[in-house]
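The next part holds the structures, each set out as structure tokens.
One chain, chain A, appears in both complexes that follow, with chain B as partner in the first and chain C in the second.
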Partner chain A sequence: MWDTFLDVARHKMLTVHLVFVCIALGLFNLFGHFSTTPSLEYRMIQDVGLSIISLFGFLIALFIGSTTLRDEIQRKTIYAIFTLPMGRWELYTGKFLGTLLAAVVNMLIMLGILTLLLYIKFGLIWSGFQWVALFMILEFAIMTGMVLLFSLTDSLIVCFSLSIFCVLLGSMAEHVQHLAFEADIPLLSYLTDVVYWVIPNFGYFNIKYKILKDLTISPSFAMWAVGYACCYLFFLLVAGSWALKKKDL
Partner chain B sequence: MTKHRYLLLFIFSLLLTAVSRHYYLQQHRLEMKTGNARQNLDQIQKSSSAFFTNKDENESTDETSDGQQTETTATCSENCNLPEHAKGHIQGQEHQHGHEHEPEHDHAGQLVAGSATNDIASTADEKQLAVQAGQPHEQTGTHGHEEFNSKAKLLTCEHADHDHADHHEHHAHGQASDPAVSPGFVLLLRQLGFAELAANLLWIQMDSDSHRGLWHRVEFALELIPALDPTFVDAYLLRSFLLDEYQKRHDEALQILEGAAKQLPNRIELWQQIGIFCLNHTGRHGPKRLLPRALEAFQVMAEFSDAPIQSPRLIAVTLAAMERRTEAVKFLEASSGDQTRPLEQRKIDQTMIERINSGEKF
Partner chain C sequence: MTELLVAEEISKIVGWLKKETIVDHVSINLHEGEIMGLLGPNGAGKTTTMKMLLGLTSISSGTARMFGAPVPTPASRVGVGFLPEAIQHPDHLSVYEYVRFHARLSGINDSIAKIEEHLRQVDMWEYRDRLLKECSKGMRQRADVARILLRQARLIFLDEPFSGLDPCGQVMLKELLMSLKKQNISILVNSHAAGILADVCDRVCVMNKGKIVVNEPLEKLLKTSQTRVVASFADSAAATAFAAARPGLSGKQKEPAVFEFILDDRNGLNEMAGAIIAAGGRLIEMTPVMLTLDQLFVKTLSIRNDEMAGGLS
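What follows is the complex of A and B.
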């Protein structure tokens, strides 16, 4: 896990991402013009800032997750690891945790930058920060797990396409299901029902508007979210470990 | 068994995921107080055609040889269907002047909140005081009345800061362009996580549509905004105001506010507006009066730490309307004896006590 994390941390791409995030967050004044009062402007900037962090967080998870295991396989260094007394599932889990740790550290840095900018502009400490961070970690964990699973496919393009498709579909799962139902095609409806239950619904990890307005959520709700995320991660890790075991290496 | 270990684990984890997802969704709906996303999408589908039709413009595209002013007057009266709007034209005033009203009407919120107390006053001085009593509370935080009022101006034709002549030229010539912010666009924004941005962009679009007299779009936008962002108080307030004031759908307007108050119980504006609707002074909100509910709403409002300064008077007026005058007077006496209240407010309290004691009907 630590080796993966350190390996990822040395990646130049992360620095580039952070620069982009700083620029994007620095432009947050633009979004404030949509609002008429300072309080609305504050919330608007928070909303847009968090969405930018979500977007860049996903990109980080995508770029790191799709390369970390693939590089090991392509460079043949994975064979050296296989000589160690560890199962393939342990390697896969370690890769996942290392990648997730890197994504989480990046996310926390981005959140820190946003909080700092908000403090500089408005002089307010952001309450509800911890809940946003928790739900983002859960979201990124599932995204990372998915990307790592798809990285076991033969093509990088397939990995990217599947990952982006699943994230988009996961963000619009209910609406896609509804549109299929409205189309009145039984087979399509059945398929979207299956997809709806298999693909994670990222929309349900989006608690931004709740946090931005009410500043908090109930701990029991957070526990259910953690429970669901853990179950889904377990599913992804089992699927990934199984796929790695089946892979001809 | 060992051979199929991964397969069994896979099936088990899939089932576990489905079960945990089911319970998590239930919790999510409870916590977020949202209905099914299908309902939102149904709503969007039902009304989406409103964004792509220009029926109001089509009615006004025929130019007359008598000149633009006649045309504009007719168009505005038809499209806006607002008494103030029509009045401005009838008086033959410039557009900007046509929309200027009494000072107390500077805020649309006061058309409701302020007028209830305004109507109570009988003399000019009292009116002035009553207007002050009905002033929107600026300390209510986030989506405050002040903000709502400034936006609601757009729909009450009080666009002091806008060049109305230009807008009405558009009315006359039917030059409405396609909407910049369509339902599909805002939906996509929301799904990508930009819910607040989506709601605000739609609000801006609604503002623009109201200038062009596209009221069918305005109505739709005000329905859609809470679907995008259920905590967008301004949309609830403005929609209920329009329903009540211009469409005379009083019960529906009250229902919207009641629904919003369940969703956002910590928003003072909603409780104040519910109270005003239920108090229904002068019968402006239809024949019904729900005085116990009005009293309850004002009491909830008064319990907030940053309650509006006129809260005690609103409670007292409601009590007086319920013919519990002694109680009302006692309540106001306590309020006027409160040294922490500004002297001006205590004077207004005293005036109100005299009026209640005089047997005036509220």
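What follows is the complex of A and C.
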């Protein structure tokens, strides 16, 4: 896990992302000047900032998750590891944790920058920081697990397409469920229902509207999200380990 | 001798709709302290065989055991090292860091002394701070051997270790393999370099089109029933007369008064020696003819391909 994290941290792409996020946050801070009231400005910066962090978190998970195992296989360095007396699931889990750690560290840095910007501009300490961090970690964990699983396909394009497709569908899970209810054709209704249950529901981790409206997040809601994420992750890790075990290198 | 590796009738079949047999019922045994060469043309299935034994690729049928444990269980890989062909090393690491990284992966504690010991063993201690990207291919290979030895490997798989090495690198690697053999370490080498393998291997397996066509001790393989006889005569006329009197014998004039004959049948050796002395000649050399591994390889594959062509026609 630690080696994967260090390897990922060395990745130039992360630095580029971080710089870009800093610039983007600075720009949106500037846009805040166009708002009419300080309260609206505060909400705008929070809203845009969280959206950017979410987007870049996914991109980091996508780019790193899709290449970490693939690169090892192409460079043949994985042979040296797989000939050690260890199970493939151990390596897979280590890769997952390392990639997740990199994504989380980046997310925390970005959140830290956003919080600092808000404090500098408004003199307010963001009270919902810990909740945002928790829910984003859960969201990124599932995204990373998904990308890592899809990275075991033979093509990078397939991995990218499947990952983006699943994240988009997962972000619209409520609509998919609605479609399943509304569909007149039984087969379509059945299929959309299957998609709804198979695709991760990222709606459980979207607390942006609660943060923006200063709504409290109940412990039961958080517990449900953590439980859902753990179960889904377990499924993803088992599926990924099995796929890696069956993969001919 | 203990058998470290036993593969019985292992096969590899790939493809969904159109099935293709890459490795076809291959059986290999490797004893402790033995170096076995796996020879064959490109696409013969040598690397796939190695990968199956190492658990990197699944075995479609047949069984294999290493150190008594069934492949591909983790227990079968305890004491196994693998040096793949064209591995891309992490260039940002130094030789020492690379070996230490693998020591940590293998869960080796107090690795500092062991790293030094094994880097010295492969003559890489003085280059320990050099970045891998600044090392020659031979040096990187020696660093790899050090990381394998660090795990106390008793069975090492080498995939095309001689490719891309200059003559000095080849000699150094050969010497390294011989020193590992002296430590009772078993080695399975997959290579095209038949000439080099002949210097280090105890046993040779020749593979062609997924099958093992030869699996014998090297000495037995290279031995032929022919004998080379070199004799000198008083002058060139005597030599020519001696050769002319034996038209069925293949021979060539090496020097004006020196002739070299190849005897196919060893039973005729005494008679030949007597005839040379009777003709006033002197016996200079009488040695069994040995094939080179290159010759054996080409000969085996040509026979095999002829058989296959015959079978098809």
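Operating definition for what follows: the second predicted complex is superposed on the first by the 235 of 249 C-alpha atoms of A that agree within 3 Å, B and C clash if a C-alpha of one lies under 4 Å from a C-alpha of the other, contacts with A are read in each partner's own complex, and residues count from 1 in each chain.
The rule is simple: contacts are C-beta pairs under 8 Å (C-beta built on N, C-alpha and C of every residue); 3 or more make two chains touch, one makes a residue touch a chain.
Everything numeric here is computed off the predicted structure, so don't read it as measured data.
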{"item": "Overlay on chain A: chain C relative to chain B, clash or fit", "value": "fit"}
{"item": "Contacts of A:Gly203 with chain B and chain C, given as first, second, both or neither", "value": "first"}
{"item": "Chain B versus chain C as contact partner of A:Thr153, first or second or both or neither", "value": "neither"}
{"item": "Per-residue touch tally on chain A - higher for chain B or for chain C", "value": "B"}
{"item": "Which superposed partner A:Thr115 touches (first chain B, second chain C, both, neither)", "value": "neither"}
{"item": "First, second, both or neither for A:Ser189, with chain B first and chain C second", "value": "neither"}
{"item": "Partner chain(s) touched by A:Thr77 [first = chain B, second = chain C, both, neither]", "value": "second"}
{"item": "Partner chain(s) touched by A:Leu249 [first = chain B, second = chain C, both, neither]", "value": "second"}
{"item": "Chain B, chain C and vertex chain A (Cα centres) - angle in steps of 10°", "value": "170"}
{"item": "First (chain B), second (chain C), both or neither touched by A:Val238", "value": "first"}
{"item": "Least Cα gap, in Å, left between chain B and chain C after the two complexes are fitted on chain A", "value": "13"}
{"item": "For the chain B and chain A complex, residues of the former touching the latter", "value": "6-7, 9-10, 13-14, 16-21, 23-25, 27-28, 30-32, 36-38, 41-42, 45, 141-144, 146-147, 150-151, 187, 191-197, 200-201, 204, 229-231, 264"}
{"item": "Parts of chain C lying in touch with chain A, wherever the complex brings them together", "value": "14, 51, 54-58, 74-75, 77-78, 80-82, 84-90, 92, 101-102, 105-106, 144, 147, 151, 157"}
{"item": "Parts of chain A lying in touch with chain B, wherever the complex brings them together", "value": "31, 34-37, 39-40, 43-44, 47-48, 50-51, 54-55, 171-172, 174-175, 178-179, 182, 197-198, 201, 203-204, 206-210, 212-214, 217-218, 220-221, 224-225, 227-228, 231-232, 234-235, 238-239, 241-242, 245"}
{"item": "Residues on chain A engaged by chain C in the complex (per definition of touch)", "value": "3, 10, 74-77, 79-87, 246, 248-249"}
